[in-house]
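Got some structures for you, see below.
Next, two complexes with chain A in common: one pairs it with chain B, the other with chain C.
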Partner chain A sequence: MIMEQLAGNMVQGLVLGSVYGMATMGLSLIFGVLKVVNVGHGAFVMVGAFVALFFFNALGLNPVFAVPAAFAIGIVLGLAFYYAAIRKLLHAPELATLLATFSVGVLLEETVKMIFGSEFRGYNWDLGNVDLVFTALPISKIFAAFGSVLIALLLYLWFKRTRTGSAMRSVVEDSRGAEVCGVNVDGVYAMSFALGIGLTVASGVLLTMFIPVGINPYMGGGYTLKAFVIAVLGGLSSPYGAFFGGLVFGLIENTSYTMFALIPGVEPFALTRFLSFLILLIILLIRPTGIIKAK
Partner chain B sequence: MKRFPLKSLVFLVGCVFLFCGISAYAAPPEKIVIGHPACLSGKYAKAGEQAVGGIEACIHWVNKEYGGVTLDGEKVQLDYKKYDCESKKESVTSLIGRLITVDRVDVVFAPYSSGLTLRGAPIAEGHSMLYMDHGGANNKIFEQGFRYTVQTIGPATSYHKGTLDMIKKIAPDAKKVALAYEDSEFATMVMEGAKAHARELGFDVVFERTYPKGVTDLTPLLSAMKATDPDFVLGGGHFEDGQLFNRQMSDLNIDVDCLSLIAAATLPAFYEALGSMAEGVMGPSHWEYGVTYSQEAAKAAGTRWIGPSQDEFVSLFKDATGDADMVPDYHAAEAGAQVLAYVLAVEKAGSVGSKEVRQALGDLEFMSFYGNWDINESGLQVGHSMVDVQWQAGERVIVWPESAQTGKPCYPMPTFAEKAKGKKAQP
Partner chain C sequence: MKNRLRPYYPLLPVFAAYLVLFLLGRNVAGMWQLTATLLFYCALGQAFNIFLGMTGYVDFGYVAFLGVGTYGMATAITGLAGYPQLGLWAVALGFVLAMLMATLLSVAVGAVALRLRGAYFAIATIGVSEGFRFLIEGANLWNGSSGMIFTSQLNKLLGRDLASSVMTFWADVLVLAIAVAAAIVTLLYMKSKIGYALTALREDEDAAKVMGINVTRYKILAFITSACFAGAVGAASWALKTPYVFPPEVFEIHYTIEAIIIVMLGGAGTMLGPIVGALIYGISKYYLSIFLPGFQLFIFALVIIFIIVMFPEGVVGVIKGKTRRTAIAPYIL
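Right, the complex of A and B next:
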């Protein structure tokens, strides 16, 4: 029975971890290129969740179609945010960008609240379950995991195989050097920021495919915290590392529960959090750059 | 120059002070101000919005229909001063201080939730200010020795009594109960009460686990719960986790005869979010449209009635919120009823002084659209009874207690596979 639960939780953890990873890639990309910590990250995830909700409930469309739409909305939001605030604050003290991203997060939350209200919403995209003997896996979750892996792969290829991707990597490596070599650093900054926000908003759609309930303007806070843990785990400057960190985090969260449940008198969920942060601390001490170093 | 006699000066000053004192004592205030650190944003914004609507609806009723609060033979209007506490504990403490010292309110209504209510209580207590709790059900609030805190919402320990009584009566073979709930002051207290009552009734608690606030995945906990094969499940904590609980039980094909979730399950948003998956799911509620409290019922029970009727309250609430589509839920009703309790207590005390009004509240018993009101010595609400609501064919039906039923309970509820095929919960 325990082995069945463990196997089931491992599968569920991997699926959830892939979505967590995808939801963190944008944060890592922005930090990697611009050295800006986006503390409003969760609010952009929330925007994506509302895009999915709007597509399904108002337009009657499959949430899969909401992924490109959310990505496009994220790109527009990212460009607007970059040119309105971030660009002017790039050389200001770090606190300025922290406050700017925090303010935008609050602004987004309150704007969404004004439009949609503060109720906890959800949509019911029920495609049935796949019975894996030791657990049942909803097909919508499989879509979410598949979408996350696909987007992560596309991003990897874009970075490795395109000139723009190379330009971005050169800016991460040495922005001054890249500028000397003719790279439009300001353009790369704008594109990276927009891409990071686009990925984050798109991840909001994928998260709702995993958990299509509890959608509300303030849902992002928990994801911001998780994203920071995952980003540090995987390497704060590395989007691929973030994806890998997400998988590890999902696995830790789900499988350690089963193990801790065997200890009498403890609340397993409390210990899973403890373990997540303990591992984070150990990794920071042993390898401060995270599991995967930015390339 | 002739000096002004000192004795005359002392006499004159004394007269002025005496006059001012008498005037201040005798004249009723121009208005009575209710202060409220309301949750207008943040995680409790929905409940806060409902509470504010309920309060404004009942203040309107008191001022317009009731004519105001009778104090020293004069009618005094109620006023309402609110700030947004953003559902944050640190804001609650500073705003209560501001309401008392700057705005000079006459009473403070607590914010929504047990945690926020408990955080604000010492501040009100420090100012000897009456602090009325409409959204904090945790019994522990009333075990701290606060002298000025009184409760309108019922205590958390009574939430699932009705549910358990119902199952005992309609399904005597049901034995195994699983408890899975949020690790919060409120939910823990609810489940302590449920566990004690379940054991009194002879049920076996086969599973008991908590999950943290803000949880995004309950799969490990629910998988472990499934292994214990419970007959019925009592769970939840607040809004988002309740939806998640139901959804992930469906994802994992965990079928039980009854699922009752606190806070979330009784709200329309629950069914809107989950659709058919919510069919048959139950939840305890402090108030639902359809309850049978009325002027006639109060008369029959030999107690005093005050306030609008149920339908009048709904209409006043819609006017207050400016949203004709918004329906009041129990958060609105309990906050509104609190206004009525305060009005009766001020009239009974003949004063707005916190000490006098608190004493009057202790002696007060009445019925309103929300139900009965009576508190014990510690300020805990003991007069109000809860109802159990079940989603049947997309409608909320009051299924327990039998005296308040608007429909029979559906037990066992349909399986998730049946619900996916469109089967509705029918008695």
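Right, the complex of A and C next:
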């Protein structure tokens, strides 16, 4: 019984984990290229969730259409915030960028609250279930996982095969060296920030498949913290590391919940969150470059 | 005589500000509530500045120290409620416990997190604060997520009249005392070897290390001092003023952000900065919530982005730069 439950939760964990991973790639990309931690990360995920909600409820379009729209909105938001604030803070102490990105997150939350209000909403994209022996998996979630893997692969190809992609990689390696070699570093910064935000907003659409009634302007905070743990698992500056970090995190979250639920007198949900932060600290302490990608 | 006292001149505007604030709060009807909030922000900023301002390290989980301080006071009051003869001594013991617990946590966190720098440090400290909160809730420490309510124990210990005057007045006076103490410690640090070492560390940690400064020692000292004051602030402003404690409230990340905003607004690493920041932040928050309810966060976010981009050195930082070599320069630090 418990083994079946565990196996079922692991499958669910992998499916959710792939979306977690995709939702963290933007954070890692921005940190890798600009060395900026986007503390407002979750707010961009929230914007994506609202894009999905708006497409489904107001326009009657399913989330497949919302993903590219959310990505485009993210690119625009990313460029706007980069040129309005982030660009001027690249050489300021961390304090400035941390506070600026946090404030950007608050700005988004408050704007969305003014437009949509602060109650919890949701939508239901019902495509039926796939019945695995030990668990039932909604087809919409499979779509989400498939979308995440596809986007991760496209990003991988973009990095490996395009000129801009290799320019970005060169800036990650050594921004001054890249500048000397004629790379337009400022342009790469702007593009990476926009791309990172675009990915994050798009991931918000995919996440809505997992939270039927959890869409709210303030839903982002929890995702920011999860994304930190996932990004650190993946080495903080590698988008692919982040993707695999997401898979690992999804597995840990779901299996540990099943385990903690066996202990009497504790709250398994809170202990799962505790475990994730414990992992964060241990990894930061023993291997700040992440456990996924040894370099 | 004059020269020997000169290093202490910066305390004068600090004391003057607190005196004016206190007198206004006492003598203008209906002002005490706002004064109490402002005193809390002053103490919070003053305590956080010792670490954030002096080292340049961003502790994103600072609220955890206020949180454990609150739990320290709560534990002492509930545990000692059976000994009413202790009276106010129980509150004193509560402060000792609160500061002790904050210090212990800061030693543990410091040993782990202070090996990291920059963004890694910030993320690690968020992890500590959130992790600690979920440990309390998950493992049902201190009643877990149902929290602790200890109004009746406080009444039993102090008597109903004294307990209510502690909650409505004396708790805030204690917060003021903590703010003053933190200001004095800030000045003592700044004027001693510690301050110079921390300045060197903030500007360039590797260079400071090469120069033979034991950077780790001074970093940890500033971290522990700051945490210890935070524990006391939590005990006075949260536990004594409102005798209950719930994990999501006392580990709320917004308090850390407020502390950062206050320090940054006033000028990180300056003596007067936290007060100026606290007054600007507290007063504008209060009036915005009256005149533009629902919009205050939106406006704040815009203002903060503007300030970070345009005046990263803060109000006092700007004033300091403008008044160099004038008669008031010795008073501004």
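As a working rule, the second predicted complex is superposed on the first by the 287 of 295 C-alpha atoms of A that agree within 3 Å, B and C clash if a C-alpha of one lies under 4 Å from a C-alpha of the other, contacts with A are read in each partner's own complex, and residues count from 1 in each chain.
Quick note on the criterion: a residue touches a chain if its C-beta (ideal position, glycine included) is under 8 Å from a C-beta of that chain, and two chains touch if they have at least 3 such contacts.
Predicted model, so just to flag it, every value in this text is computed and none were measured.
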Put chain B and chain C onto chain A via the superposition and say whether they clash or fit. clash
Could you tell me if A:F159 is touching chain B, chain C, both of them or neither one (first, second, both, neither)? neither
First (chain B), second (chain C), both or neither touched by A:L98: second
Which partner does A:L278 reach: the first (chain B), the second (chain C), both, or neither? second
May I ask you to decide whether A:L107 touches chain B, chain C, both, or neither, giving the answer as first, second, both or neither? second
Given the touch rule stated above, what does A:F243 touch, chain B (first), chain C (second), both, or neither? neither
Would you check which partner chain A:P212 touches, where first means chain B only, second means chain C only, and both and neither mean what they say? first
Applying the touch criterion given at the start, work out whether A:P268 contacts chain B, chain C, both or neither, answering first, second, both or neither. both
Looking at A:K141, would you say it contacts chain B, chain C, both, or neither? Reply first, second, both or neither. first
Per the contact definition in the header, classify A:M1: touching chain B only (first), chain C only (second), both, or neither. first
In the superposed arrangement, what residues of chain A touch both chain B and chain C? 109-110, 221, 267-270, 272-273
Chain B partner contacts - residues on chain A that touch it in the complex: 1, 5, 8-9, 12, 16, 109-110, 113, 117-124, 126, 128-129, 131, 135-138, 141, 211-219, 221-223, 226, 253-254, 257-258, 261, 267-270, 272-273
Any idea which chain B residues touch chain A in the complex? 41-43, 45-46, 49, 183, 209-212, 214-217, 219-221, 223-224, 227, 239-241, 243-244, 246-247, 250-253, 264, 267, 269, 272-277, 420
For the chain A and chain C complex, residues of the former touching the latter: 31, 35, 37, 39, 84-85, 88-89, 92-96, 98-100, 102-104, 106-107, 109-111, 114, 221, 225, 228-229, 232, 236, 260, 265-274, 277-278, 280-281, 284-285, 288
Quick check on the complex: what are the chain C residues that touch chain A? 52, 56, 58, 60, 112-113, 115-116, 118-120, 122-124, 126-128, 130-131, 134-135, 137-140, 144-145, 253, 257, 260-261, 264, 268, 295, 297-298, 300-302, 304-305, 308-309, 312
